[in-house]
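Read through the structures below before going on.
Two complexes follow with chain A in common, the first pairing it with chain B and the second with chain C.
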Partner chain A sequence: MHLVIQALILGSLTGGVYALMASGQTLIFGIMKVINLAQGAFVIVASYFTFSLFQMTGLDPFLLIVITTPIMFILGAATQWFLLRPLRPDDAAELSLLVTFAVALGLEGALSIVYKTTLRSIMPGYENHSWTIWGYQVNEVRFYAFLLSIAMLVILYVLLQKTKFGRSVRATVQNPMAAQLLGVNSKAVSAFGFGLGVSTTAAAGAVFGLITPFNPGSHYDLISRLLTIVVLGGMGAIGGSVIAALMMGVGAALVSALASPIWADFTFFIVLLLVLLLRPRGLFGAKVRGAL
Partner chain B sequence: MTTNNHVSLLQLENVTAGYGAGLVLKGVDLTVEAGQIVCLIGPNGAGKSTVLKTISGLLGIKSGAVRFNGEEISALTSRQRLSKGIVHVPQDRSLFPAMSVWENVLMGAFIISDQKLINKRIELAAELFPIILERKSAMAGSLSGGEQKQVEIARSLMLDPTIILLDEPSIGLDPKSRKLVFESIRSLASAGRTILLVEQNARSGLAVSDQGAVLESGKVALVGTGQSLLTDPEVSRLYLGASAK
Partner chain C sequence: MSKAGIIRAVAFFGILGLLPLGVKPQWVINLLIFTLMYATLASSWNLIGGYAGYPSLGHAAFFGFGAYFIGIIFENNVGNGYNPFLILPLVGLCAGLISIPIGYIAMKTRKDVFAIVTITLLFMVQTLAYNLRAVTGGAQGKGVAVPPFAPATFGRPFYYVMLILLLTAMGISFYFRRSKIGLSLAAVRADEDKAHGVGIQVTAVKIIAFAISVGIAAMVGGVWGYYEGFIYPQFAVDPLITIGMVLMTFLGGRATLWGPVLGAFILVPAQQYFSYEFGATQFYLLAYAAIFLIIMLVLPRGILPTLTDRIRLKAKIAAEAAK
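And then the complex of A and B:
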C-alpha cells in the first residue's frame, strides 16, 4: 500500500508537468487543427536554453523561465508565420504534420551540432532534495514543478477565458469566418496562439531538464507521451488534457512501481491504441468544436 | 446611383468575382440607397451570397468597383470595411456555439475599445432584441435556430452599422422562428438601418423590402420595388412558386 501511495504522489507530480506540456499542444491543435510534432523538440530546446543560461548566470532554473518564455514564444510564432501560414488551407492539416516533424528534426540537428549528443542535466543543487511527509517522499523539484504547472495553467485559463484576446482565440477556433467578419485578424491570432502554445514549453523544458537527463533526441519519447495525453484527453480540450496528463502520470508511476519501469513507457502506447480504437474523440473530447 | 450631387450608400459597378479561375459574378450592377431594405433573390448558385462577400471583403473582386458612400472600397480589408459600418451576417450560423450569448455580443464590438460605448450599444441592441440580456449566460449553441439568428442580428448592431448584409436569415428555421426573424428585420428598418438581404424565401424577403433585385447567372437580371417584383408574373413563376394573380 505504501508503494502504491508513493507512486500516486510521484505520478501526480509528474502528471502536472505533462499537463503543462500537453496544454500547449492542445491549444495549438484547438486553434489551428495542427498536430504539432515539434512540441517535444521545443521542450528540449527550452531545456537547453535553461541549461546554458543557468551555466552562464547561475540563476535558479525556475527564475530563468521569465527569460525563456518570451524566447520560446517568438520561436513558436515565427514557426507558424514562416512555415505553417504559407500552407494552402486545403492541405494544411496534412502538410503541417510533415512541416512540424521537419522542424523537430531540424531542431534536433541544430542542438546536436551545438551541444553534441551527450546527456545533460540542470543541477541547481536541490534537484535530489525530498521532503518526508508521513513517511512518503515528496521530491522538491517535482513539487515546485507541479505548482508551476498549476500557475501556468491558471494563467492560460485566465488568458483564454477572461481577456479580449482569449475571446478572439476561442472565436477563431469555433468559427474562423465569423471571427474575421467581426474584425479578428485570424492570421495574427494563429501566430500568437501557436507562439503561446510553444511558450508553455519554456517552463516545461526547465522542469524536464531538472528531473530528467536529456539530449537532442529526447524529444521522440516526449512527443509520443504528449500525443497520448492529448488524444486521451480529447483533441482540443485543454481541461481534458490536464486530467489525461494526471491520469497518465499516475498510471505510469503505478505500473512502474508495481511491474517495471520498462512497462511504464509501454503504458502510454497501449493507452493510445485503446483510445484510438474504442473512443477516438478521447475521454473529454469537445462535443462543440472549440470548447477550449 | 451617383448623379449630380446624389451619392448612393452602396454601389456595385460591373463587379466580377469568383473562386479560383472560375467567375461567379459576371458583371453585377447594384445600388442600395440609405435607409432602404433591398432584397436580392435568385436561384441557387446565382451568386447572391458571393455579392455580399465582395461587399464585406471576404472575397476580393476581379474587376469592377464597390463604392460605399461614393468611396471606392474594393481594396479595403474586411476589418477596414467593418469600421466603415459594413456588417455582414453570413448564411451559416455565425455565432460561437461554445461561448455565452453575452460573449458573442461582446465579440460584435471586438474592434471597439471604449467600454462605455460598448455598454450603451448593448442597451440599444437589447431594446430590439431582449434575448441578449434574458439569455446572456446561456451557451449560444444551446439556443434554438430562431434565437440564434436574433442574437446574430443583435450582435451586428454593436458597431452601429450603416448597412447590414443579411445572408439567408430565415434558412433552416421553423415558421415561428422565421416570422420572428422577419419581424426583427422590420424593426431594424424602423430604426433607420439600411439592409441588403439575400433570401431564398423570396416571397417573405420581397414583402419586407423597399427594393428587390433578381440575380441570374452572376448578373442582375431585373430590379424593381419589392411589391412590383412580388406581382411580376415572370418573377412569380420562377421564384415565388406560384402564378401572379
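And then the complex of A and C:
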C-alpha cells in the first residue's frame, strides 16, 4: 500500500509536467489540425537552452523560463511560418505531419552536433531534495514543477478565454473559413498559435532537465507518451489532455512500481490502442465530423 | 504492361542481375546491397504510404522484428548458409499477421492517428528490443552465425536475395496499379468517405496493403540482420530507417512504380559518399531532415510525377504549335 501511494504521488507530479507539454501539443492540433511530432524535440531544445544559460549565468532554472519562453515561442512560430505555411493546401494534410517529424530529426541532429550525445543534467543543487510527509517522499523539484505547470496552464487558459487573441484562436479552431470572413487573420493566428503551443516546452524543458538526465535522442521517449496523452484526452481538448496526462503519469508510475519500469512504455501503447478501439474520440474530445 | 515498360523492367533487372559477376570490389557490392535494401523498403512503404496515403512511421519496427526473427533462430548454426533465406517467407507472414490487429485499430479513424499508432509502435518495439535481454541480448546486441560463403564473393547471396525481394515488392506494386485493390486504394487516398460510400471495402484493402507492406519490410530486415551478423536495438529498430524509406519514396515520387526505386538509387549512394567524406554521423540526421524539408517544400510530388507532367505539357504545347 505504501508503494502504491508513493507511486500515486510521484505519478501525479510527473503527470503535471506531461500536462504542460501535452497542452501545447493539443493547442497546436486544435488550431491547425497538425500533429506536432516535434513537440518532444522542442522540449529537449528547451532543456539544453536552460542547461547552457544555467551554466553561463548561474541563475535558477525556474527563473530562466522567463528567458527561454520567448525563444521557444519564436522557434515555434518560425517553424510554422517557414515550413508549414508554404505547403500547398491540397498537400498540407498529408505533409505537415512529416514536416514536423523532419523538424524533430533536424533538431536532434543539430543538438547532437553542438552538445554531442553525452547525457546532461541541470543541477542547481536542490534537484535531489525531497520532503518526507507521513513517510512518503515528495520530490521538491517535481513539486515546484507541478505548481509551475498549473500556473502555466492557468495563464494559457486565461489567454485563450479572455483575450482578443484567444477569441480569434478559438474561432479558427471552430471554423477557419468563417473566422477569416469575420476578419480574423488566420495565417497570423496559426503562426501565433503554433508559437504559443511550442512556448509551453520552455517550462517543460527546464523541468525535464531537472528531473531526468537527457541527450539529443531523449525526445524519442517523449513522442509516444505525448501522443498517447493527446489521443486519450481527446485531440484538441486542452482540459482533456491535462487530465489524461495526470492519468498516464499515475498509471505509468503504478506499473513501474508494481511490475517494472520496462513495462511503463508498454502501458502507454496499450492505452493508446484501447482508447482507439473503445472510444476513438478520447475522453473529452468533441464528436465533430472530420475530427476523430 | 506497355512495351516500353517491359523493356525498362527487363533492362533494369538484367543489368542488376549481371552486375556482381563483373564488379569485384567488396565496397561496391556492399553499397549495392544497401541500395537494393532501401529500394525494396521504399517500394514496400509506397504500397501503404503512397497508394493508400496512410503514412506509416513504424515500418522500422517490422524491419527490426524480421532481423531479430532471423537472429534468434540462426544464432549458432546456419547450415550451408542458405537456410535463413528459405525462412524469409515465414518471417514476412508472421509480420503480416501481427500487423492485422494493429492496422485494424490504427486505420479505424484517420490518417494522423495511423501515424501516431505506428510511431508509438516503433518506440515500443525499440524499448522491448532493449529490455527483453533473454531473447534479444539487449544493448549488448545479438550475434548471428556467420555463413560459410567464400570470402571473395561473400556478399553475392545477400545481393541476389535483396534483388529478389525488390522484384517481389515492385511486382506487387505493379499488380496494385492494375488491379481492383490498387484502384480501391487510390479511391481511399482521394476521399475515403466517398470510397466507402460507393461500396469499396475500405477497411479490408487498407489492412491488406499494410500487411503486405510490413511483411516485405520484415523480410528485408531479416536479410539485413543476417548480412550485418550483429543486431543492435538502436540500428535494427531505428527511426532513421523509417525516415529513409519515406524520404526516398517522396523524392522519387509516391504512388508511382519507379519513384521509390529512383529515390533509393539517388539517396543511398549520396549518403554513403557523405559519410565517407565527412565521417560524423550527427550530420546525417541534419542532412536527412534538410533534404526532406526541401523536397516537401519545393518538390512535394517527387521527381517522376513532376518530370512526366513537364514532358506531357511540352508535348501538348508542341502539338498546339503544330496546329
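Note that in this section the second predicted complex is superposed on the first by the 286 of 292 C-alpha atoms of A that agree within 3 Å, B and C clash if a C-alpha of one lies under 4 Å from a C-alpha of the other, contacts with A are read in each partner's own complex, and residues count from 1 in each chain.
We adopt the following convention: contacts are C-beta pairs under 8 Å (C-beta built on N, C-alpha and C of every residue); 3 or more make two chains touch, one makes a residue touch a chain.
For clarity, every value in this text was computed on a predicted model and none was experimentally measured.
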Which partner reaches more residues of chain A (counting touched residues only), chain B or chain C: C
Partner chain in contact with A:S168 - chain B first, chain C second, else both or neither: first
First (chain B), second (chain C), both or neither touched by A:D265: second
Chain B versus chain C as contact partner of A:G58, first or second or both or neither: neither
Partner chain in contact with A:L181 - chain B first, chain C second, else both or neither: first
Which of chain B and chain C A:L37 touches, first, second, both or neither: second
Which of chain B and chain C A:R88 touches, first, second, both or neither: second
Residues of chain A that lie at the interface with chain B and also at the interface with chain C: 292
Chain C partner contacts - residues on chain A that touch it in the complex: 33, 35, 37, 83, 86-88, 91, 93-95, 97-99, 101-103, 105-106, 108-110, 112-113, 117, 220-221, 223-224, 227-228, 231, 262, 265-266, 268-269, 272-273, 276-277, 280, 292
Residues of chain A that touch chain B when the two form their complex: 164, 167-168, 170-171, 174-175, 177-185, 286, 288-292
Chain A contact footprint on chain B (complex, rising order): 56, 58, 78-79, 82-83, 87-88, 90, 92, 94-99, 103, 106-108, 110-111, 139, 141, 155
Complex interface listing, chain C residues touching chain A: 53, 55, 57, 102, 105-106, 108-113, 115-117, 119-121, 123-124, 126-128, 131, 239-240, 243, 246, 250, 280, 282-290, 292-293, 296-297, 300
